[in-house]
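Presented sequentially are two complexes of chain A, the first with chain B as partner and the second with chain C.
Our next item is the complex of A and B:
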């Protein structure tokens, strides 16, 4: 990996460790082994339908970060949400089309946590079965259609 | 218009090839010359990889985009910038602090970044990384055509 991406990731890591964001925890050991693979634990926010639950996000960065977006997916227990497929893929525009280099791991986590918080019922996307059977392993290879800004 | 575009694309190809001579002879306007000299090191690397693998159409598209980006103003980060609270102290792309003497590019929305950081992004998307405001391509293109 070239230096600029790594330098920026180290900056982000330092910032998140010195000023932690509520409900968002970085697996420091994992990041220390490989700066290009992060595991972030997200706590369901209070007074939402995910309160008391925790989920894990996996971030993978390539050498073009932050010009290329990270690959982000849920691993382990996948939250039941209308924009999250049962294989962990997330339908969120900032992860592909609307990514900009001014976004960061923190901004993505915040956005995903807020996406969880605004949900009113736990349901899978309507095309979950077909999508998970036919999609690529890499969510960035999916051509997403973003049609619902409410959740 | 024809001449203007033609002269731009020759210059841009020269940039792509990473040669030093060329822009100096074909351009007589001082300000443009300055921009090109500033920008040259940034693009030579992008250009050489692009040069071999892309079709002519794609190369023209990239050359035009370089032309647009070059017209966005650059200035040096000064001690006064450093002291005033109006100018942000870090580049949102690399997240490093601006250092006095750094070359900063100003987008029309007045967001500022290191030239090498934002140029790398603008070659992918003509939008501001912070506010997503389009770097108005049509406006800039029409100003080219009116020259």
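Our next item is the complex of A and C:
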């Protein structure tokens, strides 16, 4: 029998493929090769400043998933947003401190999509330059300070 | 085939308490043993995907499919919020969210300093989850249960047999007598009779204290009577 993490990821995958969420697409080929690395494409929602744009998210799961949060990064074209650094790191509490095992890939995608949707202007975080130069490659190693509760 | 027969013969209890899954195929069960093997595997495994019935029972294909879909929907109510399987060794939090005990325990151990319900983030703790006991609970043994500590015990409070009696119990013995010495007359009589019964139950343990208590009881009773006589006369 596969390990619990893999088992749960397969269930999530099946659920997302049978009941797709609007604007969220999964790269099935990539996932089929390695269940612990997902590439998810999200579309900017209609009537928002990201309408018509698509972005790619990379999910990496470790064997402790779902008790440990996945590592989530934007890859390729990074959306310009006050909580997304130019290296793809996302400042979102549910990806670190507020993660719970009841969350899922779908829930994270939905949160990120709604975070994009609630933005009113395209700008980088104020500390983008410093952060991208000094941060670790793994966003989970960053000690995040969450100060914007409106998102 | 042979395994299914032995199951039916050797374990009648299991057969009596089969899930609806097996009940939907009562005719197939007697006619084709292979079908019953299928359904027993189906029952024991945690998969709940639809399995097509055998081809030669085409007349019953449609109702079977409906039953299975309905069952699938029913099952989804009992899915653990962590592993997304049907909850095994199920426990429910005070906020009403269902989990496998091994799953929830693992989560609580991951963040011992910040124990929150994974679904609604309500404060939870090991002592405040309630295990769910189904009819055939003991039979479903989860292999992970060996690794994780046993589920917390259910809490069961004894019902109150008599409200009066419990009220008296809350007083200490000395306080009991004193309060009735001052109290109204009918209550004195009432109280001391209760007290008498109570002491007689404990008689075997310490006889000397019983006598002393009874003596005191009588003294207070007489004091109360005299007090009342004085009240009435004066």
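Note that in this section the second predicted complex is superposed on the first by the 148 of 151 C-alpha atoms of A that agree within 3 Å, B and C clash if a C-alpha of one lies under 4 Å from a C-alpha of the other, contacts with A are read in each partner's own complex, and residues count from 1 in each chain.
As a convention for this text, a contact is a pair of C-beta atoms (placed from the backbone, for glycine too) under 8 Å apart; a residue touches a chain by one contact, two chains touch by 3 or more.
All values reported here derive from a predicted model rather than from experimental measurement.
Aligning the two structures on chain A places chain B and chain C in a clash.
Looking at the shared chain after the overlay, A:7 reaches both chain B and chain C.
In the superposed pair of complexes, A:77 makes contact with neither chain B nor chain C.
After overlaying the two complexes on the shared chain, residue contacts for A:67 are found with chain B and with chain C alike. Shared-chain residue A:100: touches chain B and chain C both.
In the three-chain superposition, chain B clashes with chain C only at 80-88, the remaining stretches of 44-52, 80-88, 188-196 or 206-214 being clear. Common to the chain B and chain C contact sets on chain A are residues 4, 7-8, 11-12, 15, 66-67, 100-102.
By the touch criterion given at the top, residues 4, 7-8, 11-12, 15, 66-67, 98, 100-102 of chain A touch chain B in their complex.
Those residues of chain A whose C-beta lies close enough to touch chain C in the complex are 4, 7-8, 11-12, 15, 64, 66-68, 100-103.
Here chain C touches chain A in the complex through residues 81-85, 97, 103, 106-107, 110, 116-119, 121, going by the rule given at the top. If you check the complex, the residues on chain B that touch chain A are 92-96, 117, 120-121, 124-125, 127, 129-130, 132.
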